[in-house]
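The first chain written gets the first letter, and so on, giving A, B, C, D, E and F; residue counts start at 1 in each chain.
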Amino acid sequence: MKVTVSRKAHFNAAHRLYRKDWSHEKNDEVFGKCNNPNFHGHNYELTVSVTGNIDQETGYVIDMKVLKDIIKNEVEDAFDHKNLNVEVPAFKDLNPTTENIAVVIYNKIKPKLDGELDLEITLYETPRNFVTYSGS
Amino acid sequence: MKVTVSRKAHFNAAHRLYRKDWSHEKNDEVFGKCNNPNFHGHNYELTVSVTGNIDQETGYVIDMKVLKDIIKNEVEDAFDHKNLNVEVPAFKDLNPTTENIAVVIYNKIKPKLDGELDLEITLYETPRNFVTYSGS
Amino acid sequence: MKVTVSRKAHFNAAHRLYRKDWSHEKNDEVFGKCNNPNFHGHNYELTVSVTGNIDQETGYVIDMKVLKDIIKNEVEDAFDHKNLNVEVPAFKDLNPTTENIAVVIYNKIKPKLDGELDLEITLYETPRNFVTYSGS
Amino acid sequence: MKVTVSRKAHFNAAHRLYRKDWSHEKNDEVFGKCNNPNFHGHNYELTVSVTGNIDQETGYVIDMKVLKDIIKNEVEDAFDHKNLNVEVPAFKDLNPTTENIAVVIYNKIKPKLDGELDLEITLYETPRNFVTYSGS
Amino acid sequence: MKVTVSRKAHFNAAHRLYRKDWSHEKNDEVFGKCNNPNFHGHNYELTVSVTGNIDQETGYVIDMKVLKDIIKNEVEDAFDHKNLNVEVPAFKDLNPTTENIAVVIYNKIKPKLDGELDLEITLYETPRNFVTYSGS
Amino acid sequence: MKVTVSRKAHFNAAHRLYRKDWSHEKNDEVFGKCNNPNFHGHNYELTVSVTGNIDQETGYVIDMKVLKDIIKNEVEDAFDHKNLNVEVPAFKDLNPTTENIAVVIYNKIKPKLDGELDLEITLYETPRNFVTYSGS
């Protein structure tokens, strides 16, 4: 019996969309006002979904307290109240689009889970825009 | 790396559920108060989800501004503040159930996307009722 | 000890904003696409708030089941799945703007409450637009 | 054309997480404050999603009134304002974790649907924690 | 310049509405299924609103971290995952209606605030029912 | 008949809480991680509420399209995708706390409204923290 359990979390961060190897004109053309060199920011709303069998002893797929701690350690402590471009190493050479942030979060959380568990990341950049990534 | 990006939008419209080729009694029996001949209406909340590979240059699956414009042109301008039965050609001979509206929206947006992108439509008729269609 | 208790409800309806005594041009100028003669519609989300003293015996300001029934009788049964302009007598000569609908709802519910209770109506026409009326 | 139609519902209940065959210490260690012997409770928010072909006559996958009645009979009447451990037979020997409650709801609703319809249950225990189960 | 700052929090609890000094029949008549002797429960969503002047030095009415800690100490630690009737002394002889819970929360938080600050408590028992209390 | 009409809007921005005339240590002590010199950011959700008499001709307190345009000109165009500390003149010498941002928004919108209309600003910095200001 495969069940998916999901936990919501959130973090606030500043970011800017641009590529160092592009001209300012090209960055503006492609990324528009998201390329503001003084940065802008978001309240990122995160849902972490873990799929696996129900443990017949506990009735849990994963202990929600364990999942909550993984999210805190890997995502909230690393990203909250940070400037993603300047302070988060994963985005040193990677444009912090919502797509790329979701992939980075997936890659940070996946190794902390038991190998037989599947993972899906949903990340809202604004209440109207969000992305989903499940590792394939 | 396949990622799904989603954009929310909304439109308000009037509609009525009925079939011209059925008697008034049968329409009432099947569609109940949704068959009110004077129409009723909804705030339709729409989520358009597009799945594809992340462009390694931009970090985007699809530029959200492009997707926003497609939704505006194909759905909002065509449906918002309209009477679906009377003013939207797609429902001339098609009952505007939430299921059918979602399929019509899918069929309008899909040809505007690059061929390798997958599309899913989620449409809320009320905060408690919604449908999902992904073209198969 | 004055406490306010609130109950949410909702109804779907069609409507059109216009004045019979104005020309079509003037209606279009003032009400824009809300003047569509074929109607459009909304999911109206309603909050009914009642303020009064806590009954020391029951711990209630008003029994929520009683309030729920008043809302059902006065608002949901009268407005839900209706065309406000055509089928609701209160709007025969009154433009069904959100402001006016809120006042009509207030005037229908107030006489059903004990005289010492205060009433406030909050009505969402869309998730982004709403009005509040408390009778003064 | 396969479409998924979803209906939201909710119920309030008390519960406690524990196993009769475990010591109090082990229950506390595994279930923490969820093992409070005096119970605690939740507003469970439920989404029932049914997938099938659109009926070409009605434009429905399933009549939402039918689905609403199934949810009321099988879930709301059975669970609402109840103590899950004490009053709901399904949890006599089954720990009422969100995972297990979702499976029980699936098993109650599935036999009431036409055989060709697929079913998915999403159950929120809190606004931040939820599970999804689709029978496999 | 008076500004109101608000902080949301939540707690889960079990409760039962009844009066020890009433017969079972009268309790059932007045409180209906809320009088279930085995308890039921809710996710209580709380908003604590504090009104005062903006401190010209900090730009704060109250440091949100201070308010968050007061809510944690006075409400979350005292009520979360508890049976209100059995385990919370304030409800030993007080029926835990939403109205009374809001008043109890007000009376716990008010003395922890600077005297010139006003306080308002909003408490959701369910997504559809809530109460507001501001101490008068 | 005084009615309040409200319109929701939003903007994304980066900011940092600190005072130039304080030491880094004091800024850290008072503003904690909100004093990150590389900035962080938020999705600010704004509700603008205008109170006045219903115009008996139109049924409006204020034309929502007019209010929407005022919000766009005064707030969205000025703040969206901006760094509040660096790019918005109002915060050159004013700490951009949520309290101060709400007051600035009030002071920008109030002169654009007819003199007899009252104004209230509600501003969410995160889904859990918000402030309200009505000019007194």
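Quick note on the criterion: a contact is a pair of C-beta atoms (placed from the backbone, for glycine too) under 8 Å apart; a residue touches a chain by one contact, two chains touch by 3 or more.
Because the structure is a prediction, the values reported are computed rather than measured.
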item: Chain pair equivalent in interface to A-D, over half of contacts matched, among A-B, B-C or D-E; value: A-B
item: Pair sharing more residue contacts (C-beta pairs) when B-C is set against C-E; value: B-C
item: Chain whose average C-alpha position is farthest from chain B's own; value: E
item: Centre-of-Cα separation between chain F and chain B, whole angstrom; value: 34
item: Separation of mean Cα positions, chain F and chain A [Å, integer]; value: 28
item: For chain D, residues that touch 2 or more chains besides their own; value: 127
item: Graph class of chain-chain contacts, one of line, ring, star, complete, other; value: other
item: Sites on chain A touched by chain F in the complex; value: 10, 12-15, 33-34, 36, 38-43, 45, 80-83, 86-87, 126-127
item: Interface residues, chain B side, partner chain D - complex; value: 17, 19, 30-32, 94-100, 102-103, 127-133, 136
item: Contact set on chain B toward chain A in their complex; value: 1-9, 49, 54, 57-61, 63-65
